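Two complexes follow with chain A in common, the first pairing it with chain B and the second with chain C.
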Partner chain A sequence: MTVTTPNGFNLDSSGRRVVVDPVTRIEGHLRIEVNVDENNIIRNAVSTGTIWRGLELILKGRDPRDAWAFTQRICGVCTGTHALTSVRAVENALAIDIPDNANSIRNIMQLCLYVHDHIVHFYHLHALDWVDVVSALQADPKATSELAQSISPWPMSSPGYYRDLQTRLKKFVESGQLGPFKNGYWGHPAYKLPPEANLMAVAHYLEALDFQKDLVKIHAIYGGKNPHPNWLVGGVPCAINLDGTGAVGAVNMERLNMVSSIIDRAIAFTEQVYIPDLVAIASFYKGWLHGGGLSSKNLMSYGDIPDRANDYTESSLLLPRGAIINGKLSEIHPVDLEDPEQIQEFVSHSWYKYADEDKGLHPWDGVTDPNYVHGPNLVGTRTDIKAVDEGAKYSWLKAPRWRGHAMEVGPLARYVIGYMQGNAEFKEPVDKLLSALDVPIDALFSTLGRTAARGLECQWAAEKMRYFQDKLMANLKAGDLNTANVGKWEPGTWGKDVKGVGFTEAPRGALGHWVHIKDTKIANYQCVVPTTWNGSPRDKDGNIGAFEASLLDTPMHDPSQPLEILRTIHSFDPCLACSTHVMSPDGETTVVTVR
Partner chain B sequence: MAELETFYDVIRRQGISRRSFLKFCSLAAASMGLGPAFAPKIAHAMETKPRIPVVWIHGLECTCCSESFIRSAHPLAKDVILSMISLDYDPVIMAAAGDQAEAALEDTITKYKGNYILAVEGNPPLNEDGMFCIVGGKPFVEQLRHAAKDAMAVISWGSCASWGCVQAAAPNPTQATPVHKVITDKPIIKVPGCPPIAEVMTGIVTYLLTFGTLPEMDRQGRPKMFYSQRIHDKCYRRPHFDAGQFVEQWDDEAARKGYCLYKMGCKGPTTYNACSTTRWNEGVSFPIQSGHGCIGCSEDGFWDKGSFYDRLTTIPQFGVESTADTVGLTAAGAAGAAIATHAAISAVKRARAGGTNDKSE
Partner chain C sequence: MNTERQIDVAPEEDEDFDVLVLGIGNLLWADEGFGIRVVEEMHRRYRFPDRVRLMDGGTQGLYLVQYVRAAARMLVFDAIDYGDPAGTLKLVRDNEVPRFMGVKKMSLHQTGFQEVISAAELLGWEPAAMALVGVQAEELDDWGGPLRDGTRARIDPAIDMGLAVLAEWGIVPTPRTEPPAHGLLRHDLDMTAFDAGRPQPIGSI
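Coming up: the complex of A and B.
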């Protein structure tokens, strides 16, 4: 029997149930269940977050200046973005302004994360959904070279290079130990690339693996290490000393040059490898435009990358801010993270309980009380789940909603909002890509559209790193070396009872931290993260989230080989460790109420 | 891209002679309790069936250890994955998912019973019947026990697996529990840090492959080669500490001169790790070099030792040399796992003592 959800999707759970657990090539733990009809078309989809850590509870009573380090450990893949969100939340609460140099350095670090995360996602987490590694063995190296040289000036493209790679790949496959490629879906008819394109992509898989380790040296220079560089409330921890005594112990000319040279390489790699690969791969898949889900209906972005230090208004943010609902693309609604009516979380289908589960709660009013129970239609047991009962509670993710709407967040949301605002930085590359692929704008609202937006954004971010590094240099030239504001470092200077909100656009989408500081300690801390938006379970009205919506109506070639499901879920770049909320200790009910 | 070599090819390329290789095979046979007749068989296996299977499982974690691992510059992560080990199960990068992924795991456990390495990133939560971390519909702790049962040895990647790390910080809501408290009958190598340094991770893997034994470890189960000295011991800012030259506040003149961060809360004096020597990201920097104090991320319970900006006031025997062993003695005392590990290491040591490459401490 078909049910239509309030957000306009038709669900029919009468067909065969297919379970994918674990969903691999993501951060964290995720389970997907779908029902397919007699034609193997997905008619119902269920997304279950299967990990819980409780970091927000752990933060209670801590020094707010330490919060960045705790929240950074929410995620080691999008490393840094939670830390940045955290220092912004604390600075917002304590009314701390940061120096211009700190703003530039933070932006460079955040943009470096974008470039890194998007490259690793495309080549190492997502590529195997489009690229058949085994097929690359059939490629003609000379033809591969011609293909590569026809789309890019990238120098590593000779016939000998590809022949060499193919020989090694052959030896690897013949060894019988396929390692991470074992049991892959090789030969699946959903793979559409010719052998030469597959071989080229395998080469770039390995080149990207080498390059990503160099890219993050920018984090090492400004933050001391990667993953998990260091941050500072009030600025950045790295002092700058260009020509004075002891300059070798600080960020100096040699360090700045190293950053600059890595930025140049990042721009070259995205322009000459990532974007040409994206276009080449997309051209073979432009007939596979499934996976749109919520993307043509409800999209949201908080905005990020402030051009001017301490100015988080739309005019300063280089990434767009706003919300689109009900498919009215031309109408961009303002988003206010402090408004209790806008962002709310629901738990009617999450493993928590509220006093009144018909209501959603704003993060500043968050109540969290775990309730690991299943509905009557659970197949299996509570510790051996064969199939969840999505009519009841079925996920460790809450269901965040914006004014009651399930929203999709991420690169595609940012690009569509920027495009609809008429911002040339987003509109022109999108139009260029659509024209190169000869597809209409509607093609954006798909699995492929998400993947394409991420690639375009990677190129944008690489160029913006250059912009902020130049801005930093100009400011240093003007004589300003400041990197930290210590005026309110001491807790004695803080308000007795204050609260703040910090936001970023994580590579995966809109990220917010809400902090309440009382008597110099954290009284409450709440994070609402991108994968909670995208991977959200149903809400009390039955609205489905972005993952679930994206899978509907997709035909599967063979439900026991869930390549199509992986392809679409991966296009969101899921990050499940991020979807962390307050967890109370066994037997104790924690009710967190702020204000 | 490196040649897809056998294990033998790899160690030859690293400058190990044929003679040393054969000697290693003899030692490997002895360390496994096999007679000398097995040495040629091991040599043959190493020359022809090279890559040691590794099963890499994930509990409660943030994936920073995997991210760090792929940053390795020497050896390159791709060389480790393609030429040295056979990473048969790792949900973060493997092509297969769901049933096919689980089949790959079972296949490795069965086919290489007793001969694969189990690498654990993250830790199992024990509250709520383990269902704070679910894999394949079941508690992660079940997968951990299952995969550990037939493993040759266990590597506890990072502070989560080694100590518990952030989710085990007070009040540890999920009862996140380090690996050695759940797996008590296998040798466990702890590689703490949040995350560990990339080249430390690959250094330990290549040590295992090259020398065929567990590295020398301290009483807490950490390899001495990377964890036997404090950051402070080898810090390039140490002369400023000794001279009493300290950063007093962020971005002051002293900070710009690279003075000691002790007064800003640096935990270098109590943290055992290789950051000040091996450094991070191909040696580019480490936290202190980039102006922030060490937060002590490789130490047990570092989240619960006060603010990262509180000055250390309780450094035991400050200024007097103390080793990881003496610190470890008190910390590891009650843990049965540590004893089991120690016993396993001792067995290897005894075996090695019979050879000729006995090392002095």
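Coming up: the complex of A and C.
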């Protein structure tokens, strides 16, 4: 029996149920259940976050100036983004302005995280959905070199380079220790690249792994340490002394130059390696345009990267802000995180309880009260689930909605909104990519579209790092060395009962922190994170979330090797550590244990 | 708390060491924080030579590759599920380390540290020595909770085990006569403040 959801998707749960748990190569724990028809096409999809959360359960009563350090620990990936969002929320609550230099440095750190995260995602988490590592062993090094040189001037491309690499890879694979490559369905017919393209991609996998160490130096320099850089309510925790020498104390000219040279290399790597690889890989998958889901209907971005310090309005934000609903792409709605009618979280299908579950709660009024119950159609038991009952509660993720709509967030949302606003920074690269691949604009609304938007955004972010580094240098040379406003550091200067909201665009989408500070301590703290938007369960009206929508109508070659599901879910760069404790650590209850 | 405490941080030379002492885990999940707490306490008690880096690796996964690669010798502290009685401490070495961290259910992290080690090896890393001191955790299912008493009581023996390994590697730290100006963890994430500031816990799920 087919049911049509209010947001326009047809669901049929009569076919065979396939369970993927856990979905691998993501941060956190996610379970996906689908029903496939007799042709193995996905007709129903259910996304279950298997971890619960609630930051207020840790932060209540603590010093708001330290909240960033705690939020940094909820996840191993977007540490910096949570910290930035947290300091913005507290500054908003306490009406603290930050100096221009602090704004430039924060932007550089956030953009650096984009470049880092997107590169790591593409090469180390997602590429293995498209690239068959074992096939690379069959490649001809000379032909690989010719391929590489035909698409990019990147110097590391000689036949000898690829031959050496292939020998190393062979040794590694023969040792039986596949390491990072062990989670692959090697030889699956959904892999379409010739061996040479596979070998080239593996080479760049290793180069990217090597290059990321340079990128994190930027965080070490401006954040004072790494891993877990420092942040500061009121600015940035690094003093600057242009004449200083040596390593101890302030950021000096030598270190500023180091940042500058790393930025140059980030630009070169994205232009000459990432983007050409993206185009080369995508050109073999033009016939696989599944996975669009909500992306052509409902999209949202909070915007980020303020050009002017303390100005978080649309005109200052270099990443676009707005919402698209019901497929009306040309109509961009304004988004207000403080309006109690706009962003609300629902729990009718989530393992939490509210006094009235027909209503959503704005994050300032958010409640995290666990309620682990299942519906009558549960297959299995509470601790050994064979199949969840999606008609009842089935996820540790709440269901966030914007004016009642399930939304997709992330690089593709940002790019579509920027494109529809006619912003050349987003429109031109998209048009160029589409024409290089000779595909229509509709091709954007797909798994591959998400992956492509992330690549374009990486290039954009690398170039914007240059812009803010230049801006910072000009300001420093003009004599402004201020990096922190400590005028309201002391709690005696704060209001007795204040609320604030901070937002960023995390690499994987819109992120908001809502804080309530009472008598100088945290009274409530709620995060609505990107993967809660994308991985959302159904709501009371039956609207499905972005992951669920994206899987529908996708044909699977072999449901026991769910490469197609992994591909599409990975294209969101999901990160569930913060969106959601291990309920059942390894999901041994599954039909499919993913490799 | 004062501002100085927050803004006086010196940029560190990021990879200027050849012995890495690494605590990994998530300190927000009770005994999952064991590895980090051991390294925090080692740092509080001892001053190490410059060639040794004590690091709170958190759950940083692949982002730790460059630090692993920079080390000729690496000592890791972690909470491990060996299926032993809670509080059991185990020392494993060299080739045994990845195996113990990678087998199903053995690593409690979401990003496998075994992958970090193999990624480093794929990039040419050939460590002279590796060791892992792991504790069998008692309680992980407590969001924002402290180390359990039994696990906390293993910090001292774990430090002793680690120091014995370091001594084999020629590293002998100097006991501090007074605590360091800055702890390894700050901003109320240090063990004392973290435990003292915990809000009233909610009931079990």
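Following the convention adopted for this analysis, the second predicted complex is superposed on the first by the 570 of 595 C-alpha atoms of A that agree within 3 Å, B and C clash if a C-alpha of one lies under 4 Å from a C-alpha of the other, contacts with A are read in each partner's own complex, and residues count from 1 in each chain.
Following the convention adopted for this analysis, a residue touches a chain if its C-beta (ideal position, glycine included) is under 8 Å from a C-beta of that chain, and two chains touch if they have at least 3 such contacts.
Predicted, not measured: the structure shown is a model, and the values here were computed from it.
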Item to complete: With everything superposed onto chain A, say whether chain B and chain C fit together or clash.
Response: clash
Discussion item. Contacts for A:39 in the overlay, against chain B (first) and chain C (second): which applies, first, second, both or neither?
Written reply: neither
Fill in: Partner chain in contact with A:20 - chain B first, chain C second, else both or neither
first
Worksheet entry | Touched partner set for A:560, first chain B, second chain C, both or neither | first
Worksheet item: After lining up the shared chain so the two structures overlap, which partner does A:330 touch, if you call chain B first and chain C second: first, second, both or neither?
Response: neither
Worksheet item: More residues of chain A in touch with chain C or with chain B?
Response: B
Discussion item. On the A-aligned overlay, A:315 touches which partner chain: chain B = first, chain C = second, or both, or neither?
Written reply: neither
Discussion item. Touch test for A:435: chain B only (first), chain C only (second), both, or neither?
Written reply: neither
Worksheet item: Thinking of the overlay built on chain A, is A:372 touched by chain B (first), by chain C (second), by both, or by neither?
Response: both
Practice prompt. Pick one for A:221: touches chain B only (first), chain C only (second), both, or neither.
Written response: both
Worksheet item: Which of 114-122, 132-140 or 348-356 in chain B clashes with chain C after superposition?
Response: 114-122
Worksheet item: Which chain A residues are contacted by chain C in one complex and by chain B in the other?
Response: 27-29, 52-54, 57-58, 62-63, 65-66, 69-70, 73-77, 79, 120, 124, 168, 172, 177-180, 206, 209-210, 212-213, 216-217, 220-221, 224-228, 230, 232, 237-239, 247-249, 251, 370, 372, 484, 486, 489, 577, 583, 585-586
Fill in: Residue ranges of chain B in contact with chain A within the complex
1, 3-4, 50-51, 53, 58, 60-68, 70-73, 76-78, 81-82, 85-88, 90-104, 107, 125, 127-140, 165-167, 169-176, 194-195, 198, 237, 249-251, 255-259, 275, 280-282, 284-292, 295, 297, 303, 307-309
Fill in: For the chain C and chain A complex, residues of the former touching the latter
1, 3, 6-7, 9-15, 26-29, 55-66, 69, 104-105, 109-111, 114-115, 117-119, 121-123, 140-141, 143-144, 186-189, 197-202, 205
Item to complete: Quick one: which bits of chain A touch chain B in the complex? Just the residue numbers, please.
Response: 19-29, 31, 50-55, 57-58, 62-63, 65-66, 69-70, 73-77, 79, 120, 124-125, 128, 133, 164-165, 168-169, 171-172, 175, 177-185, 206, 209-210, 212-214, 216-217, 219-230, 232, 234-241, 244-251, 258, 370, 372, 380, 382-386, 396, 481-484, 486, 489, 560-562, 566, 577, 583-586
Worksheet item: Can you list the chain A residues touching chain C in their complex?
Response: 27-29, 52-54, 56-63, 65-66, 68-70, 73-77, 79, 120, 124, 168, 172, 177-180, 206, 209-210, 212-213, 216-217, 220-221, 224-228, 230, 232, 237-239, 247-249, 251, 255, 351, 369-370, 372, 484, 486, 489, 577, 581-583, 585-586
